[in-house]
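What follows is a single structure, and I will ask about it in a moment.
The letters A, B, C and D name the chains in turn, as written, and every chain counts its residues from 1.
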């Protein structure tokens, strides 16, 4: 390719920021130019490992005139302002999910995104997982006829700390939002949301009046039904399955094995080691593909990154799920 | 065993009546004594194949004084009267599900059942499937910790004729009722029902304002959530799966393979033949076990047959599901 | 069918004789007429359970003029004489494997069988297993191209008593002989046999200079190679697998699961219960099909039972395997 | 780590040389210093991609005094001389398998290796595959009791060109040699080799009197039997399986899936995409681990690379297999 590598300004160097830093460093079409974190030691550690200039001020990154794109991996509450800042600067931006926990703030930003013409992508990385994306392509190709039911099982390995639960926005906005986007990856036109939530095991969820266990059903305009089964813990490891059920067949995504080895003994046969522990391992390939796709987007090429509208839609569904779980009613949504 | 074989009066000789006739004939502790069907040719055919006296009148069976137990396999609308008649005669009765489509008629019968002291069992055969019953026993034995989520996927191979849909009572009372009982097999204390139904493929369902596709969530008093995913058709054959998810592990019931053979070629590997076509094949063992268990019940021995109350509870849940799907609200149920 | 049920004379009422007695009783086209065993109590027990007349003398069965066919399930050393006697009486005979442990005695009987025109079938029941027979049919139908390699893994659950090992004829004639016939089911024209045997765990095998572990390779006239892997024990239960490898794909027969249930926990996922314990469970369907097919043979209809020649061929291969394991040389065989 | 990166001299830049070049470049503890190939354009391409100085002369690498270790990836016929040259130079060497096709040349080199004290590793990369190495560790840990049978199925995706077959040394020395080493990874003390080879499909094998299909059995001093099933082609993709069968259980290595997705339709259920196409994909992780382990070896740390003696032993077994397939006799081997 004749392009110079895309110079990234990375904002935020927590767990997910480090994933993106490593991804940028590993991609021949990208380079890590600036890294900002108010805890500047984090930015410095990333700069030492992967190159780039460390700063404690995101503003310095924008002022540098030395970045071609912004990657926002800072806390959720900063996303809206940073996206707006990037758009004002004309810099394509890849922002981690969710855009915000408050749909009002998202909607306030919406007109700017619509008119500015600056590419904005939201980090729903699972769309880039080879298994999920191939199932979607095969469904689109008619391999199972009309899609009638989509079932997503999505369970984290263990509940987050109570302090995190307190500010997470709740299981729907924090965790299930990935699954809401996955639902829309297959069936964008969701019209109704019903959810049931309970608290069965997690003291932190109980303390902060959150659910640790939830089931959400989504109705699409086509009549297809999506079922999303969530739990904040899973003894077997990260549990990420999907079944697309159509009129002539179904496609299944199994959990990712961590080994090709199985054990058979007098008490149990064909036993395999537990699944991948969590998303960093399970979605390593997806993160790399997401970044490659964003590089295309930033360069004005055809790309498939989820958009600001996708990010907003997932939040609208999450809000509706929260409301449904409280009110015990189905909640209509309008994603237009 | 010192017992003489239990003499059965079988009422109804349609598809399921024939299953029971064969089961009675094959069980050394049972004998087919009388067979009644208004279409007497059906009764005669069964008598010719498996023994017993054929009649077109159920009343003649009761009057014969030559039966020890009644097996009701006639149309649903006759169940309540036949159960009452058997109880009046002091004859233990095994009645096919559902007890009735009208909860009012069931509740009218309820006091008699409660006071008569005559064993009444309802034919929720799946409780006797070796896979489901072993999962329940292992859950009860603590093998996966506290049960937090139960997921049931239950899809028939193909939609019934429109004429059947018209009188079936709808997908919840006709088909999902088995799954509602399976839910209560694990979690008897269901307190709330939410359902979503759509019509995606079946003209018969559309004509009779029924759903062909549905998802129901049940909340139990313990906080555990049950998810039931139904469809009136399934290209791959009868689809009957279950996952019990607990705090320390999960137990899965897979579909029943019809062969041990798999094929691997350049285009696909490990492909197996489709699953069992329908319930007669899939639940053959369960029907036999159900009958053996009922024989114990009729003899006053300890047994595990689902009771009249179980039959009523499943119908209450079905009604609630129907109401929820219409009203878009969760519906509370009181099964006490 | 217009036929009267075939009247069987059963000779031998040990474990396998009882299997056949139950099978005859369960088949509507067969009836158990006479049962002979020198230990007449065994014959009497079978007669009590399944009907027929018990005797301690096989000769009385032949003299009865009241049987249409003979089923030989007595000790191996009696097979040759009983087959000869049945053929002399013009009675079709199904004889358990092996015909004899001494190829000389088999060859002495051979001319009579060839000229008498009385149907003689040998009880290689595995040919009637639905999995193995469907793989053979699919191979014959060209589903995997030319068959190049056939791999059979065949392990018994546990070593027989030392006293049995002493008279068994050795692992090749006693146990692997089933696998040699399975090899010929796919590739009749075996031309060369190589075998390796060792004694790794069984004191009985060591005491009687038998092997408990063996691998045999067979070369067919077509160039296809068969590999047979045997052990006298298997911790996981009866281990009976097969892989047919062809130019365009392969077909696999897996072990028979005993349950549809799998368990996933923090230490192991997808663990299933052990396989069927032994041949009575694993090959129950095969025994019934073998019998049905023999009834056709006895009636002069087209049938697929393995013949006396098949029984002889398996013994020739077993002898060659024994010789090869001793001499450390490949041994050519001529099955014509 | 306090070490400077190990400076590698890479000799040979064909397919496998390029794999190693990429591996060296990706390993933070290694650096590509010199690259030699008589076709200097190949060396230059590698240098452009991964750094280092390109030359057409291996001698220049040795003379440079600027390499710490040698990686030999040149044609087999050059291995012996290059190993000897590296040892004379006191440079640790990792040499691709086989050491040579002629055991005489290997044995002539043997005394030098034994006395020189310079680390020599042979590139049996499969020992570093996570699946195989974990099975070996679990067997060593007693998880399945005493190892009694080891079964290796190893089939390449498609036959090599006839010109390659002509100089390959034959299926045993060229292809099965990996499996012979895998056998010795579990059971080093092989004492006897029996092999059967046929030519069933490949005109190139027929032309050059090689086999395209082979089965080898190895007897170990312990009495355990190894079975190795080879084919030069496999419609389903690279077929690499292993089963370790012990007294209390067994461990299985399945083929590597290329996707988590399976398809179920009315004609076949649970069908998955074909396996990895060939060794570069299947053993990518193994190559990286092999290199890391060699770096330890070169630094004098504890390591597990297969040794010159392992390389020699595999060739001795291959020669014995070739002799056995020709002579139709078992061939004793002495690996001491």
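Everything below uses one rule, namely that contacts are C-beta pairs under 8 Å (C-beta built on N, C-alpha and C of every residue); 3 or more make two chains touch, one makes a residue touch a chain.
Keep in mind that this is a model prediction, so the values were computed, not measured.
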item: Most distant chain from chain C, judged by the mean position of its C-alpha atoms; value: A
item: Chain pair, B-C or A-C, that carries the greater number of C-beta contacts; value: B-C
item: Approximate Å spacing (C-alpha centroids) for the pair chain B, chain C; value: 41
item: Distance from chain C to chain A - Cα centre to Cα centre, in angstrom; value: 59
item: Set of chain D residues in contact with two or more other chains; value: 144, 235-236, 248-250, 255, 262-266, 270
item: Contact set on chain D toward chain A in their complex; value: 130-131, 134-135, 138, 143-144, 248-257, 259-266, 270
item: Residues of chain D touching chain B in the complex; value: 235-237, 255, 262-275
item: Complex contacts: residues of chain D adjacent to chain C; value: 144-146, 148-149, 151, 153, 155, 192, 194, 196, 198-201, 213-215, 217, 219, 222-225, 227, 229, 231, 233, 235-236, 245-250, 328-330
